[in-house]
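Structures are listed in the sections that come next.
Next come two complexes built around chain A: one with chain B, the other with chain C.
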Partner chain A sequence: MDSHPSYGRGPRPLTAGRLSLPWLGPMEPGWVAPVLLVAVGYYLAARLGFAFTLQPHPISTLWPPNALLLAALLLAPTRIWWLLLAAALPAHLLAELQSGVPTAMVLAWYASNCSEALIGAALVRSLVPGPLRLHSFRNAGIFLLCCVLAAPLLSSFLDAALVKLIGWGHGDYLELVRMRVFSNALAELTVAPLILTWAALGMTGLRKAPRLRYLEAGLLFAGLLAASLLVFDLALFDANTAPALFYAPVPFLLWAAVRLGPAGTASALALMVVATIWGAVHGLGPFTGGTPQDTARDMQLFLIAVSVPMLLLAVALEERTRSVRVAREQRLQLTHLSRVAMLGQLSGGIAHELNQPLTAILSNAQAAQRFLANRDVDLEELGEILRDIIAADQRAGEVIRRLRALFKRGETQYQPLDANELVGEVLGIVHGDLVMRGVEVVLESAAALPPVEGDRVELQQVMLNLVVNACEAMAGAAPGGRQLTIRTRADEDGVQISFADQGPGFQAEQYHEMFQPFYTTKAQGLGLGLSISRSIVLAHGGRLWGSATPGQGASFHIFLPAQRAG
Partner chain B sequence: MQDCVSVIDDDALVLRSLGRLLRSAGFAVRTFPSAQEFLAGERADAGCVVIDLSMPGVGGLELQSALARSRDPRPVVFISGRGDIASSVAAMKAGAVDFLVKPFDEQTLLAAVRSAVEKDRTARMAREESTSIGRRVAALTPREREVLARVVDGKLNKQIAAELGTAEKTVKVHRARMMRKMGVDSLAGLVRAWTAIRHTDADPAP
Partner chain C sequence: MPYVAIVDDEEPVRKALRRLLRASGLQAEGYAGGREFLEAAALRLPDCVLLDLHMSGMSGLQVLRKLQESAQLTPVVIITAHDEPETRAQCLAAGAAAYLRKPLDERLLLNAISAALGAAAQTRR
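Then we have the complex of A and B:
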């Protein structure tokens, strides 16, 4: 039984966040800060534990020092665990010896507190190497089993036995075990996630959060505090209150779990736990009226029953958000990669596109130089030369500007786009290639197309891919028979863009394979073009399909939905 | 006939700049934005042709072969935006003077154009010479041509007289008249002229 009459404040979560950083780096000078923080934190946590003691019979409802120690071990490398445990000793002595407990009991409790932290930390470390992060359902489950269930349970037998041995406590051995298990489990559930999640978030995580998120968190905590105060800390309700009122804070907890992640949820849970215990300790709220043992048990069971699912929910949602983010990031990377690979294929044509204006600039300048040297200066011609040099330079700049946009790896940015304009830009990029391959483009653009909503670079990539495919399909055709027809037209509630070549076409059985990743008929192709193009178009809410008459060429069509009004 | 450089490039900026550069170096220049326009607007100029390799429609290599078949072939200098080996080999095999990869220095272009113009001048002179020799051969009498054919074969007047069934003295007279009409004063000169027409399309009399 932990019964410590004294007052204090709990550890600040932000201190824990900062404190974890040196532990993750290469060691040695880094042990000073964690040792100091554990010592100070342990002392303050013990004072807080004393404050949460039910009178007149001193029953502890929440004993946070063990949880703080356990969280510190979980974040620290195993080789400095002994330092952290040693750091807790002076804090333990300082806090406990003020309360008139016999020295033997104080030392015995130090041993059992350390045993709880060690059991939990060792079990977790054996399953999860490195600092524990509550970022996956698996880790959260391991944490609950090892730190909230096993560690308090196992250490409580030792604790109760020591209490019995020294003769400090009263009551049944198993009753002592039970009280201590609940009190420590609740502390583990409240304090350890708080430290672990904030340590993982750190100051950078906080700074990255958008301003609106702060406002939302402020509203949430204000609402949660109001609901908790109303139900648990004001004299409005007592033990006869309808049990449904207990759940007034739950909507706010759910809100935190869905919107603020594990750190926000752990903070919200801690707030509710503190408010509930504070009310019970002061004889307010629904957890009053019974014996201290019953009151403590009911309250602890209630808080544990609420906290466990909330924490798991927050972690599960976080895990899903992260996997969605990772998948999106990978898609962006793959899209970019295949775009760069395609630009590599176009490099000959791009060099051609840059060589043309460079040739014009050089020849114009050298002609002017000769006219001047020959004193054969026609001012009008000189003006034309300069105009042409400027035009050529701007053209080269335009080629580079377009390329840079395609080479850049950026977030997808949706904006209203004109399909005809997109086709024009794409033809500008491949112009050199078309000339070199002797492909003639016939453009049939419909006037006044509705704007489509999309990412300019990604849609250009899709069209570039279709144009390059068409050119390659016609590589074997006679010089006169390399015509690429590009048609745009308004269709239903969107825009259809078609690319028809005069190549050999394809067989029906090839059709589905073409859209599979790594399917290629080219010597240097990655085989990602069509599959990525299709996924881009699908992400835009559109369709990409092909049709062919063998021997008469293939057509590929993109449908993009029109931008929704308003 | 003045030397004239025809430039064919589908890129208007490049076309104008090349035209100016060649004019600044003293060449008469005509520019065409496509092979079709060049073939349609062609005059039998002396000089050479500068052709961009990759053009839509009729490409550079096709234009080169069309030009070689025309009644007024001229040396070709190719320019290209890419140094692709296959097409440069094809161009050189088909008789191009040079194959320049853009962007090129003025010296490179002017040197190529000068050597092409020089080549054209030589070829033109050879053609003109063989034409005039052909005309002189045509002015010979049948008997004089018979004597000519035997003289360049290295036969003596006596042998010719025997073959033609006539007196050696008569052969001497024919031979002297033939030499005068051909405008040569030695056997070596006669053989040179004869060989020249043998190697051209000019119609040498039998």
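Then we have the complex of A and C:
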């Protein structure tokens, strides 16, 4: 029984990945790099494939050139596929002719190698347009079905038929097919994800990783290498050894799947595959002892059985992490949108807050000019005027600084905060609005509250929302009957801040609805205020609730846990 | 020297306006709220009132109406940091002599006071 299923052609498109491989027009210079990579990569992969054959009868356990070619096609635009397939031919001839295989067989293998890459790539491309990224469970499933199952299976019938036709191999046709399928499927499973995931990650993605992640990856790969060498490459264990030892690398693979994403997992799997085959090729490890065919089959089945779930797990976790990240980003956007909408409602009050210091500045300056023009200068008074101008300017600056913080869209930043200080800041922002609406604020602040941990802007947003709601609830009340009482007090393990208005209150059946998104009783407003406020407070580990007696006003309360010591 | 009362709940604004009016040859006194002003006005009626519209406690419009109710014919110049067309109409309907937006243009302010003082003098004659 012969031999190396030497297939394919092609350079390795590591840097010809999704980012750098351009969807070019005909014969553009950007094709040169992918073509060269495929040619060189194919040749090296073929040499590696030869090294992974079991002797004395050369049985290939893993044939990487086809997988490399398939990965290149998956990353490349369809219109340059022919160029990549052509680039593999010289590499194929160079590698195969050195091994003493008849020219007819060499060319036949080139055809079957290309067919495998084309079948896999065409099936995938028909389902996923553009370069394939293993970033979703769906894409990973399509890859496994088309490239690991269908392409090796279909092309192996052609390959085995050509072998029989040319008379280079002997033995049962179906056995030839089986050997080709296992060898090629394992190669697709090991090599293609490695190329696809690293092409997607790129150098930029690698550089973005924190330093500690490099250290972690180093530890992981060292551990995996040690476990793989121990089980598969030392003369300590053979086929009679308890199969439990096979699982020694599994914790490291799980570690990679959970922490390093698809690229890290594909790399870890490749390391284990190489270590296992290297051991078997050198007559070491638990798979040796039987015929070369048995050794190859058992090892391939074991490696396929381990690789498929690990790869799927890594992709599923990656997809989940991305979903969480997207949801978080959307929550931040919505929170910001709601905040900006609320600031829009407060614009009249904000204009009032800015116009007051501007009035003081202008009238003071004009008074000083008149004193000077009248030659009625009292230097002491002039100094006082300048001091007042500076103070008014600083006040206007403070209004703008607070507004900028609220308008800005940024990441949540937790820090120790004083609830009384927060209330004071919120009243500063909303002061103009309170004055314009004729709302009187009664502040009952408890002294010495424990600090709470939170995001200043987000908690200000919650309080602003409650103050604005209270003001609007009291809009219909007679002047003098618009009192908002704000109380702060230490409560159990945290701080409670209450906002009590003198509006009409609410009915019990309204209570749950008012915390739902897009519920509003106002002519203007998104109806997101209370819903977002509650989600902000919940994210701070606190609670937001309301209480009311119809006709006697409503109260809303925020509880925030105290910052934990240490 | 004509006596102008400044009613504004913002102390820095009150102080600045008092200086400006004093530098313009007017006697000026500041009041932090409507109630305080009405009490003082009962004792000495100013020749003109600069009245802020949005104040905590009693609003400028309430003060204006009180003045009208008591038939005190002091001219009132409304000053506001937040201008809305309907409040302007309300104030003028309630008898305000002028309606000015903050920050206050010096010439507009002094012209308004001067016009108000002149009109009041005409009425008294």
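What we mean here is this: the second predicted complex is superposed on the first by the 538 of 566 C-alpha atoms of A that agree within 3 Å, B and C clash if a C-alpha of one lies under 4 Å from a C-alpha of the other, contacts with A are read in each partner's own complex, and residues count from 1 in each chain.
Keep in mind that, in the parts below, contacts are C-beta pairs under 8 Å (C-beta built on N, C-alpha and C of every residue); 3 or more make two chains touch, one makes a residue touch a chain.
This is a predicted model, so every value here is computed, not measured.
Participant: Clash or fit: what happens to chain B and chain C when chain A is overlaid?
Facilitator: Pair status: clash.
Participant: Can A:403 be said to touch chain B (first), chain C (second), both, or neither?
Facilitator: Neither: A:403 stays clear of chain B and chain C.
Participant: May I ask you to decide whether A:33 touches chain B, chain C, both, or neither, giving the answer as first, second, both or neither?
Facilitator: The answer is neither, since A:33 touches no partner chain.
Participant: Taking the superposition on A as described, I'd like to know which of chain B and chain C A:150 touches: first, second, both or neither.
Facilitator: In the superposition, A:150 contacts neither chain B nor chain C.
Participant: Counting contacts the way the document defines them, which residues of chain A are shared by the two interfaces, the one with chain B and the one with chain C?
Facilitator: Of chain A, residues 348, 351-353, 355-364, 366-368, 370-371, 374, 376, 381, 385, 388, 391-392, 395, 432, 435-436, 438, 440, 479 contact chain B in one complex and chain C in the other.
Participant: Which part of chain A faces chain B closely enough to touch in the complex?
Facilitator: So the residues of chain A touching chain B come out as 348, 351-353, 355-364, 366-368, 370-371, 374, 376, 381, 384-385, 388, 391-392, 395, 432, 435-436, 438, 440, 479.
Participant: Please give the residue numbers of chain A that touch chain C in the complex, ascending.
Facilitator: 348-349, 351-353, 355-364, 366-368, 370-371, 374, 376, 381, 385, 388, 391-392, 395, 432, 434-436, 438, 440, 479
Participant: State the interface residues of chain B toward chain A in the complex, per the touch definition above.
Facilitator: Within the complex, chain B contacts chain A at residues 10-11, 13-14, 16-18, 20-21, 23-25, 54-57, 59, 62, 79, 81-82, 84, 101-106, 109.
Participant: Please output the residues of chain C touching chain A within their complex, sorted ascending.
Facilitator: 9-10, 12-13, 15-17, 19-20, 22-24, 54-59, 62, 81-82, 84, 101-104, 106
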